[in-house]
Every structure is written in C-alpha cells, then in structure tokens.
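For reference, the structures are reproduced in the following blocks.
In what comes next, subunit A is part of two complexes: it sits with subunit B in the first one and with subunit C in the second one.
Presenting the complex of A and B:
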C-alpha cells in the first residue's frame, strides 16, 4: 500500500467538520447521573467520586480493565524472550541515586493508594509510579533474581485481577450480587483491591518495558 | 438441590469461570491443558443452565455490584444473547479439544491463558447491557485475538497480526468516540435507557455513523475486509477457527443489538446501504475464494462472503429476516470452525495447504475430508443443514417484503460457495497415488472437526429449539412477528 497523505486530507477535514458540528450541537448534558452519584457516595465507601465510580459503581469495568492489562502482557510474553541487555555497570552516582530514589517512589505510591479514597489518586497512578521505579531499577542495571522470575512474579502479575474476582465471588457466596460490597466493609475491601491492583499494575508495566518473558522459565 | 441451583446467578458464571481459568493456566502452565478443557466444559454447562433460567423468565437483567443502571452496569440476557453464548461455548469446547493436541508444549503455555481470556471477553460482550462496558470487552477481545494470531510466529503472521492490531484499535476508537457522543447527549450508557431516550439529532447521527464504521471495520464487511484474509489464514488452525467463527461475530452482535434497540430510527437509507455492502461482500468474497490457491486463504475469503449474508437482514428488517441471519451466523460458526480445523489437519499431515496438491492426501484423511464436506454443505446452503434453513428464512423474508433482489444474492452466493467447496472436495475423487507420509494425526483433532461439522448439518434437522430460543425475551420486538 502506498501512502498518499494528500488524499486522506479532505477525508479527515470532512470528519473534523462533522465531529465539530456534532459536538457543538449537543444540548447541555443531563445532570441526572452526577446527582445520583453524589447521593450514593456516602454508602459507596469512597469520598472521591472518581474512586467511587472506578471501584464501586462501575467496578466491573475496572475488573475487566485489569484483565486487559494482563492480556497485553501475555501477548508480549508470547512473542519472545526478554532481549539480552548489555548495559555498562552504572557509575557510583547513578547507583547511589537510584538506591535513594526507589524507596521514595514506593512511599509515594503507597500514599497515592491511601489518598485515593478521598482525593485524586488511586491504584492506576500508584501502579504507574511503581512501574517507573521498576524501569529505573532496570536501567540502573538491577536484575530480578531467577528464583523470583517464575511463579512468584506471575502471582504478583495476576494479584490485582485475582483479588477483584475473589471479592466479587465472595459477594456471590454470601448471597448478594457479584461485586456488591457490604456497605460496612466497603472501604476496607476497596483498599485491599486497590493495593493488590497497584502491585499488579506496577509489575505489569515494568514487565512490559522489559519486552519479553523472563528467560529459562520452566 | 433444585432450590440452590435456581438461586445461583448463572448469568455471571460464563464471565467469571474463563477469567479464573485463564489466571490458573497462567500460574500453572504445566496443568494448562486440563485446566483449559475443564473451563470450556464448565462454561458450556453454565450457559446451558442460564438457558434453563431464560426459558422460564424470557429475559434477565442482573445488576453488577448491586447498583443497577444507570449508576452501575447491568448484564442482560435474552434469546439473542443466549444464542451467541451457546455458539461461543460449543465452538469453544471444540477448539479446546482440538488445541489440546495441536500445540507444542511451548506454544500451549501461551495459547491457553490467552484463549480463555478471549472466551471470557466474548461471554462478557454477549451479556453486557452497557455501551461503555462493551468497549472494555472489545478491547480485551481485540488484544487477545491479536496475540493469538501472532502465536503462529513467522513474518507473515506477525505482519498480519500487526495490521489486525491497528485495524482493531482504529475500530475501537471509532466506537469509543461514538459512545462519548451518545453519553454526552443522552446522559446514560445503558442500552435499555438509551432506547427510551434517544432522539434523532446531529450528534446521534454522527455517533451512529462512528459506531457503525468502527464495528463494521472489526466485522470485516466489504470493503473493509482487507485485513481479514491474511490474519485468519496465517494464524494457527484453532485460532483461525475461533477468529472466523466467533471473533468477527462479536462486533456484529453489538451492531445488531444497537440496531434493534435504538439505531433503527435512524432511517431506511442506512439499512439499504448495509444490505448493498453485504451483497457486494457475498459476491466479492465468493469470487476471491474461487481464485485462491492456498486452502486457508480460500476459507478466509469464504468468511468474507458468508459475513455478507448477515447484513442482508438489515434492509428486510422483519423478525423472519433476523432469525434467518442469526441462523446463518450460528451454523456458519460451526461450519467455519470445522473447516479451519480440517484445513489445520491437512496442513499438519501434509506440511502445506496448496489446493492443487491435495489429491494425494485426501484419501489418507477420510474423517477430516468428511468434516470438510459436511461443513461445505452448510456453507453452500444445501438441505439438510443450518445454512439451508438460514437462507430459506432470508429468502422467505425477501419475498414477503417484496424485495426479491436480495434473494438473487442468496442464490448467487450459494453457487459461488458450491464452486469453492468443490474445488477442494473434487480432490477426493482423483486417482492420485496416496502419499506415503506417516504422520500420525491425533484422533481428537479429527473428531472435534467432525463434531462441529455435524452440528452445522444437524441444525438443518432440528430447527425448533434454535428458533424457539430466539423468541425468548422477544429481542426483535413484538411489532412485526411472523
């Protein structure tokens, strides 16, 4: 297929015009759902509307999103093994800096999960931080010990989705709907799910950066 | 016992079990095969049980998290979703049995978790009543499908997978843009609520256009089918089977569901346009299939052609037409899965899939060729087969509604299908010396193909249950039954 961008230009222009017209023609959005959200916030177990939607009202979406993340990693792992990394040993400054920085990353990630209940924050942001910490470690020449790159790593990767499914199924077992948290323990359950999800997201993002499955696995 | 079984919300089980199964396969690769087979069996049992519930209730709504729409997400099941679930569960079981001997140890480790995720995504998609949740399921489905195509390894498969990934993402983004427009102008994501509130407006037309484009791209309707033949032909055989039989049907299901609920008001011109594209797909796909020299590409183009039939129901719009199209969809899933498995067997045995050199192989694989022929009967639409019933219903609908020209497309498509099926079957009757290759083909691979092909044929004999199933919860409205 040869690429002729000038042929696409009019097409994109038409799309742009149609979309702008459509967006501008929309009347004021209905306020019913935001009102409903604030009414139910108190029993949701979270004080931040974003967290309440992500983990409680539409928790099922987030559960599947955790699946998407894991599936992406499975796809990458199915392609090839991790490329061999031949970096020179980090110099002293980088080494000391990374040793100082990583604990701060972890601390901030923990804070973000905790704060997520009441303020902007939560598992995805905290997980991204952990992932960044993993990338930094890798670039500084750190390696995961072979002993942990098998089952322990895989457990860490599925933890978030597994916790979500377990809580959901637990709700089924006590006779209520899937993923319905009892209001008395809702905030605790959400914190557990978020912590597990944070670890999984961090591990998944770092593993995606490595670009392949760990070597010599089984 | 019956009391307990009756209280279990079977509707969530086809979603939970594949997810659990997939995680278990990922954690314990050594046990992946048995875990995968077990999951497929459990899913089929759960779907059957859900069907039992629906038989009594007609349709079922289930609030995930106990909130209920519009605040939360609802699951919804009626005859239409049940038919799709049953199709996925039956083909899924066949594919699991087939794959248990197809993949090498190394590939199997990656295949099982991905396949079970895909199975869960399909079931979640068929049960969702929320247009954003449908987007999430589409993403999960698309990503796993791409990874499975790439599993074949080699340059062809990787290029096809990459192109499929880009097309799939483009389709998803079109869909998401449409969802954003709908949510902003109507204020809800639940399909049932949308059905009551949607009014024609520029934003709605744009949203319908965007969503349809995205979904048609994923369904590979002519002329947006360019990505399908390479992706379906270069994948490993069981993956080709599940792509052609199930994955392309998922985006069609979403389009159909939205059409029945709230797109229908957007005008008859659009329906006729879809019908025309469908007709073009039937003819173009059929002609291209005839021209192929590789067996798997022939089957892939046949999918392009068969998908076209589904869109002939849009301009007809009657209950009979929808039933015909869905009957086609169901039997195509069985037949096409069987056909790709048979092609996989031939490739496994002969080491190639060049049609011209099949003569020496066919006589060594009687079961496989029987499966191929039975599947071919259904694709051609000869009686007795599911394909025949589907075409019959569509023909009846086209004559009743006075739009006889769609009927001509049905007949022409049947001739083309006969052409490309016999192009392969004819090799059975040649007098080529049977090859002396001594590859032993696992019995599971032959029997699973034959089993699915038999279902496709039996669908032509036992029509009561599938048609009664489509009446549950009257998904096509009660306005024009007949």
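Presenting the complex of A and C:
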C-alpha cells in the first residue's frame, strides 16, 4: 500500500459529510405516491404492493432489468468458452444433501412465484433459488447434456424477456399502452410473466456461474 | 423516526468504506468487493428512507428499485469477475502493474 491514505482520509471525510447532509436534508416524501399506489391496487392484479410496482406500475424497470441480466450473460459468453474443471466426484455428504435439497429448492421456488402475488416473494427470489440449485448441481458434477446446451438453453434464457415483451406488445395491440395490462386479466398475465421470468433468471444465474458459453456444436 | 436516519447514515458510511477500499487496494477482487459494499450502502439508504412516511406502510417504489438494483449488481459482478479471471490468465495476477514501481 504505497499510496498515501492520509491524503485520502480527509477527502473521504468531506465526501461523507456532504452525503450525510444530503441524506438528512432530503425534502419530505411525496405523500401522493403511496396513496396513489393504495388507491390503484385493485386494478394492479396483485395484492402485494411491491409485486404490483415491479410488474405493473413500473414494468419498464423490470423489463429492462431482465435485459441487463441477458446482456451480462452475453458479455460473459462472448469472452470465453466454459472452462474445463477437473470434475472430482463429490463426497458422499454433498451428494446426498444435494439430492435432498434440489427438489426442495424447486418446490420453494414454485411457492415463491405463486405467493408473490399477495406476499413478499416473486420472480427474482424464486429465480435466485433456481440459480442456487443450478450452482449446487454443477458443483456436484452434474452437467447439461450437449443436446440441450444449444438452442433449448438459449430459448430458456430469453424466455422471460420475450414473454414480457410479448405481453407488453399484446397490450399495445388491443388498444391500450405498452405494458398496460387490462385490469380483468392482469393477475393472470403477471403470473405468466413471473413464471417465465423465474425460469430465465434461474438459468441465467446458473449460466453466469459457469463462466463461459457451453461448448458444443454451434 | 430518528432510527430511519441512523440506518441511512449507516448506508452512507458503507458507501464511504467501499470508496476507500476501491481507491486504496490494487487487487481487482478487492475492488469488485468494494463496489458491492458501495451498492449495499446505496440500497440501505433507499430502503431506510422509504419508511419516512407517517403512513402505515412504507413507500414501496424504493423497495422495488432495490430489487432491481440487486439483480443489476449481481449481473455486473459476474461480468466483472469473468473479466478479472481473463486478466489473471493474461498477466498472471489479478492486479494491474504499477508503472512507477517498474
């Protein structure tokens, strides 16, 4: 550490004071926003306000976020092929544990998607679980068959984004605006989007962990 | 009420700690971790400031933004880690050589 931290510390202190001042002197929150949210909950198709904001009122954010996930994966895949790990046989505890845990992970992920409509939960939490299941499987030496690592994997990866865009465009076509779902079917549409997004997020996270595009006939 | 600002200031503190490590340490893994700590600080500020309303429930829009932010941070971290591995493979260590020390 040949830099001079004694020069740095006062600067950081000033930055900290400025940021703290900014945080403390933030103007009072807009009172209309939460009230507006509570008033419009009935048309959102969800009972959990966070889900309603994520998938309905600020659907654009979530749509672009799926895009960011996909872009990160494209970046990783464009850099390198999947490195070859010398797969050693997992020891017995890991082997048995993973066999017990993976079904539970999948079950809980399904529950989280379903519960996301009225309680904390939703596509991202469930997707993270599926991703963890994928990582665990990979650590146990399981790998995707070459047959599925080509087109089927890619379809799975873009499924969430594609479903989101299709539902949004569908809303546009029936005369409303992009991503403005008709209130009567909003909850069904959100469930479809969330299920597709869960699968995609899980697959993307697991694929990011692998650190490269799968080898195989392209 | 003052609790909320305590948590928000804690977030600012985390952010500053992150910046400090980002500047001081040369190792790229430490820099990536530092950026993640900075992200956590920002999330803490957002989540704590969301409960400033005197209403029953906190403002959910910042909460949704934090979920979005977490996912973006995870994907950016994954990409950064792969880039770090590539650099490690290319020059044999995960930090850039300092020109003055050569």
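Please note the rule applied: the second predicted complex is superposed on the first by the 210 of 218 C-alpha atoms of A that agree within 3 Å, B and C clash if a C-alpha of one lies under 4 Å from a C-alpha of the other, contacts with A are read in each partner's own complex, and residues count from 1 in each chain.
Going forward, contacts are C-beta pairs under 8 Å (C-beta built on N, C-alpha and C of every residue); 3 or more make two chains touch, one makes a residue touch a chain.
Nothing here was measured: the structure is a model prediction, and the numbers come from that model.
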- Query: Is A:79 in contact with subunit B, with subunit C, with both, or with neither (first, second, both, neither)?
  - Reply: both
Exercise for review: For A:12, decide between first (touching subunit B), second (touching subunit C), both and neither.
Suggested key: second
Query = When the two structures are overlaid on chain A, which partner does A:23 contact: first (subunit B), second (subunit C), both, or neither?
reply = both
Just checking: does A:161 make contact with subunit B only, subunit C only, both, or neither of them? Give me first, second, both or neither.
first
Partner chain in contact with A:61 - subunit B first, subunit C second, else both or neither = both
Note to self: By the touch definition at the top of the document, which applies to A:151: first (subunit B), second (subunit C), both, or neither?
What the structure shows: first
Task = Using the touch definition from the top, say if A:40 reaches subunit B (first), subunit C (second), both or neither.
result = first
- request: Tell me which partner A:178 touches in the superposition: subunit B (first), subunit C (second), both or neither.
  value: first
On subunit A, the footprints of subunit B and subunit C overlap at residues 19, 23, 26, 29, 31, 33, 37, 58, 61, 65, 68, 71-72, 75, 79
Contacts from subunit B onto subunit A in the complex sit at residues 7, 9, 12, 16, 19-20, 23, 26-27, 29-30, 62-67, 70-73, 109-110, 113-114, 117, 120-121, 124, 132-133, 136-137, 139-140, 143-144, 146-147, 150-151, 177, 181, 184-188, 201-203, 205-207, 209
Subunit C partner, complex, touching residues on subunit A are 1-3, 5, 8, 12, 15-16, 19-20, 23-24, 26, 28-29, 31, 33-35, 37-38, 49-50, 52-54, 58, 61-62, 65, 68-69, 71-73, 75-76, 79-80, 122, 124, 201, 204-205, 208-209, 211-212
Contacts from subunit A onto subunit B in the complex sit at residues 18-19, 21-23, 25-27, 29-33, 36-37, 40, 56-61, 64-65, 67-68, 70-72, 74-75, 77-79, 151, 154-155, 157-158, 161-162, 165, 168-169, 172, 175-181, 218
Residue positions on subunit C within touch of subunit A in the complex are 5, 8-9, 11-13, 15-16, 19-20, 23-25, 45, 49, 52-53, 55, 57, 59-61, 63-65, 67-68, 70-72, 74-76, 78-79, 81-83, 85-86, 98, 101
